[in-house]
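Okay, handing you the structure first.
In this document, chain identifiers A, B, C and D correspond to the written order of the chains, with residue numbering beginning at 1 in each.
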Amino acid sequence: MRSRRPPIAAFVPSLFILNLIPFIFLTAVAQSDLGTGESTAMVSPEPPTGVIALDHVYDCGEMIDISWTLSAADTAGGPVTGYEIFRAEADSFVSVSVLPLGTNTYSDEKIIAGTPYRYRVAALYTGGAVLSEITSPVSAGTEIINWNLLNLFVIGLFVCGAVIYYITHAKRGKKLFIRKIAGLEAIDEAIGRATEMGRPILFVPGINDMDDVQTIAGITILGKVAQVVAAYDIKINMPVSRSLVMTTARETIKEAYIGAGRPDAYNDDMVRYVTDEQFGYVAAVDGVMVREKPATCFYLGAFFAESLILAETGNSIGAIQIAGTAQPAQLPFFVAACDYTLIGEELFAASAYLSNEPKQLGSLKGQDVGKFVAMAAIIIGVIAATLAEFGAGSFFVELNDIMHKLFTVEN
Amino acid sequence: MNNLGLIISLVLIAGGLIWLLVRSLSGREVERPIIFIFMGVAVSVPLLFNITFSEKATPIVKAVFDKVEYLPEGSRVLISFDYGPSMAPEVQPMSDAFIRHCLAKNHKLFLMGLWATGQSLNADAVERVIKREFPEKVGGVDYVNIGYKAGSQGVLNVIITDFRKLYATDVDGRDLDSLPIFQDIKSLKDMDLLLSVGGGFPGVKEWVQFAGDPGNVPTAGGSAAVTTPLMYPYYPRQLVGLLGGIKGAAEYESELKKHYPQFDKMPTPGVAMMGPQTLAHLMVMAFIVVGNIAFFLGKKRDS
Amino acid sequence: MGFWEIFGVWLAALLTLGIISFLYRDNAFYKACEAIFVGISAGYWAITYFWDNLYRKFYLQVSDPAGTEKYVPWIGFVLGILMLTRLFKKIGWLSRWPLAFIIGATAGLYMMTYFVSNAMVQISASILPVFEGSFGDIITNLLVSGGTFCGLVYFFFSKEHKGVFGGAARVGIWVLMLTFGASFGYTVMSRMSLMLGRLDFLFGDWLKLIK
Amino acid sequence: MKRRIPLLITFVVGSVLILSVFFPPAESWGEDFSIFFDIIAVFAFFLGGGNLVRIHGKKLFTRKSDWGFSVVTLAGFFVMLLAGLFKVGNPAGMAGDVTAAGSFFQMLYEWIFNPLGASMYALLAFYVASASYRAFRAKNVDATILLVAAFIILLGRTPLGMYATAWIPDSFSILQIPNLAIWIMTSPNMAGQRAIMIGIALGVVSMSLRLILGVERTYLGVDSE
């Protein structure tokens, strides 16, 4: 359920094995086939032709791509049973792989960069094999720039450029409109409630470590929440499931207390490590909830199956609950069980929104430009694709083609 | 004894629900522990007393059943075991039901598999289902198990033109040509129906893309619940039908029992597992209804 | 069944009941289970960190005479040591370096992966002809494209949700709600299966009421 | 100064890793980062685990309420730690894998860790029920849509859904509950998921840039130590 499982409990990478077996198995069969030589009475089929070996582009010399024209005898019911790839560094050819019939490309990864290799492809048939011509030597090289990703670069640059433009634009003091986000407007009210009731605030930053952006988003919101907490001297309770999150959260809260001019009121015990284990952590947080009865619970970060356990327990103690995550599978549970939910993008926008600094708000405007690009792409793409389908002229066919190329990331 | 317990528990559940309804009709909310108790009972009772519900097949499942049912006797049906032991509890009931149905209809049965981890499972199905329940069926004549070959969809690419390029023998080492069942069979295209039972890659999707579509052979199958939504888009154009998760298996089993009295005593793990599930789902829905009644009446009273 | 096996089953059964007892209310039985769980699992992870990360990913790598990139784990080691400077007040500020490193790296890496797999892939998957197939298909295609569009409108921050734009945002939130409701309903079955598994253990392995 | 260097580190590391995607020789740097991270996490655990021991130790020595449970936690932690560090009862001794069957560590895992985790997970079934009771109420249009979608899907997962709408003629078969449920899962559900995913991507881009450019810096703590 969670992304970082205990690595000890490693599972068998069955797909890997699955992919490996054909090669092992088929190679064995084919070699024994080859051993019988070409001396059978059967008429040998035509060999594959036009074999070309080329360095795989945009990598670090890890692959050589081989392609060929199928043997003329590779037809339904024909004698060909498959192909075998042979590679030579000097004069002796060794078998690299065996492939099913109908295949006309192969990428050889068992190579050393810079070494020249020659290849030949054999068409296998019952009782023997026929070999193709030998290719001219080719060596795998490193390309510095991956031009395949040019489209990603251009679009990425545009979107990032928009964000950066609006951040710098805002510096010059231009006022930006940002709509109200209910879940964030409610934060002040939720904290106010804790003050009135004299009860603590519970802050859960998810169960992933600092190497997840959602956790970082949760911590940046914690920064804003802690400012209010420090100003009103409310008790904040933050059990965490990762040591690094503990460290970062302490820095963040301490900063807020110093900013509020009350460094003495800060206490390291506000943030405490429980356990890395998903459900062990949940068991403990549930315990904290029913025993300390926080007035407000925040769940902001990466959540998995525990989302509903936390939200329902929080509801049972009558807490106001504000949740936010970018895990699409858990959003339904938060939406159903919490008072306010920051849906996906809103989680990442929250700290900027709460800071109310022009620069930070500018970044929100910038990401809207990104959304505009996405929406425009969908509309233009759909129209072009539809009209192209109806044969409305080559312009739309081309446009459709361009749109697909623009948004398809090759790799 | 069992029946008594069963009746008492069901009466308790029904009575409890009526009590809740009456309570909510006066606009009152239900406390959480009561909901938990209901849930616990709803799941425990069917588990303890082995309560099952007759499942009426949904169209997507019925389509598979009808396809097998209305193929003329002696048609060739291929079942591929595309799953491993970890998925077996969810999808094995499907492959078992397919086997029973096909043999009861006197179809010729071809078993194979695309998962290395599932190799023992189709052999197990032969022992457990075919040999035990259909002792009159002869291996190599009425059914054959050609086993697993590595290569995922690559296998399909080959056997869509010729079985013998990849399979020389069946799992018992008998030459395919020596088997009566393989007499007029050259490739997958000679099959009348392809059934893939699986829950991942390669699975139903690959069978559609690399065998059913190019060979123009009707294809159907079953898949684990998590991957089922990904298969829906192929239905009904490229997939005859699909058994989704344990519920799909249960529906097929029910349908089988309905049409074939001889399967009265057949084990129905799918139906058995659906008993608690169904009651739990009904309970969740009952709570949604009760909750809304309480909400609206409570609002009315307040205003 | 040997003594230890029976002991194991009973222990597991008691712990299961302890956790479930929380549904009624917090109690000493649950507290004990919680305490055991926290202690045992923290210990488990400590061991995982030790053998899997420190021993396998660091020690074995740097002590491997054939290793080609030995410096890589050492960088992590140095950053890790800096992390421990927190324990000393005077040089505690050094612990922000590894933190800054982690946050910078996570931001950079995630930015690209999310942008490619979430944005680019989804946009290109949306670019399809709508007027294709039966009448029902066309409606469905229109709905998927339109729904995605309106959903994005809902997320707009810098424009007030008013007029036509507001209407689209409204439709957007409806699409999102439909999505959430459907996912919730679909997941119920798998959640029930988990409880079935536990009850199966209690009634079968422990009490032997069912086979 | 104490704050400027971390900002610089974040900026350099972040921008380098963004650009590394476009340069094949740098492609593996992301993997290197995950190695660094795993090693840093070990050292961080000294702080986290230390915190756990300190908190429960303090409870024990000050005899705070429920200090008995702290004893249990500490005992569990150290028993697991010793069992794993010295591979107690491991059939292959210190050379064996720490999770080898038969080792004390693995026994603790199977008898205690596993049932506790599975039971906690199983509580979800109960919470699903209470959430449906309380949250699926037709308070407004949004909530009603949520409710109806969930209800149709739930209905489609029981025999009831089939019986309830079997009378609908086949030409309108889409309106039969099981078909409707499938349609909802594949069409509107997909539209919603797509919008959410695209939104998340842009949110991440914007937040990452704020972090890398140092606009967002609350996590860095204070300068005045």
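We adopt the following convention: a residue touches a chain if its C-beta (ideal position, glycine included) is under 8 Å from a C-beta of that chain, and two chains touch if they have at least 3 such contacts.
This structure is a prediction, so every number in the text was calculated from the model and none was measured.
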{"item": "Per Cα centroids, the chain farthest from chain D", "value": "B"}
{"item": "Contact-richer chain pair [A-D vs C-D]", "value": "C-D"}
{"item": "Centre-of-Cα separation between chain D and chain A, whole angstrom", "value": "15"}
{"item": "Whole-Å separation of chain centres (CA-atom averages), chain C against chain D", "value": "2"}
{"item": "For chain B paired with chain D, centre-to-centre distance based on mean C-alpha positions, whole Å", "value": "31"}
{"item": "Averaged-CA centre spacing for the pair chain C and chain A, given as whole angstrom", "value": "13"}
{"item": "Where chain C touches two or more other chains at once, by residue number", "value": "19, 22-23, 25, 31, 33-34, 37-38, 40-42, 44-45, 47, 51-53, 83, 86, 96, 99, 102-103, 105, 107, 110, 112, 114-115, 119, 123, 126, 145, 148-149, 152, 155, 176-177, 179-181, 183-184, 186-189, 192, 195"}
{"item": "For chain D, residues that touch 2 or more chains besides their own", "value": "21, 37, 40-41, 44-47, 49, 52, 98, 113, 116-117, 120-121, 123-126, 128, 130, 132, 134, 136, 146-147, 150-151, 154, 156-157, 185, 189, 193, 196-200, 202, 204-205, 207-209, 211, 219-221"}
{"item": "Multi-partner residues of chain B (at least 2 other chains)", "value": "32, 36, 43, 229, 247, 277, 280-281, 284"}
{"item": "Chain C partner contacts - residues on chain B that touch it in the complex", "value": "33, 36, 43-44, 47-48, 50, 225-226, 229, 245-247, 273, 276-277, 280-281, 284"}
{"item": "Sites on chain B touched by chain A in the complex", "value": "32, 84, 115-117, 149-152, 154-155, 157-158, 161-162, 165-166, 186-187, 201"}
{"item": "Interface residues, chain A side, partner chain B - complex", "value": "12, 14-15, 17-19, 21-22, 24-26, 76-77, 81-82, 99-103, 316"}
{"item": "Of chain C, residues touching chain D in the complex", "value": "8, 11-13, 15-16, 18-20, 22-23, 31-47, 49-54, 57-58, 72-73, 75-77, 79-81, 83-84, 86-87, 89, 92-93, 96-105, 107-112, 114-115, 117-119, 122-123, 125-126, 136, 140, 143-152, 154-155, 172-189, 191-192, 194-195, 197-198, 201"}
{"item": "Contact footprint of chain B on chain C as seen in their complex", "value": "23-25, 186, 188-190, 192-193, 195-196, 199-200, 203, 209-210"}
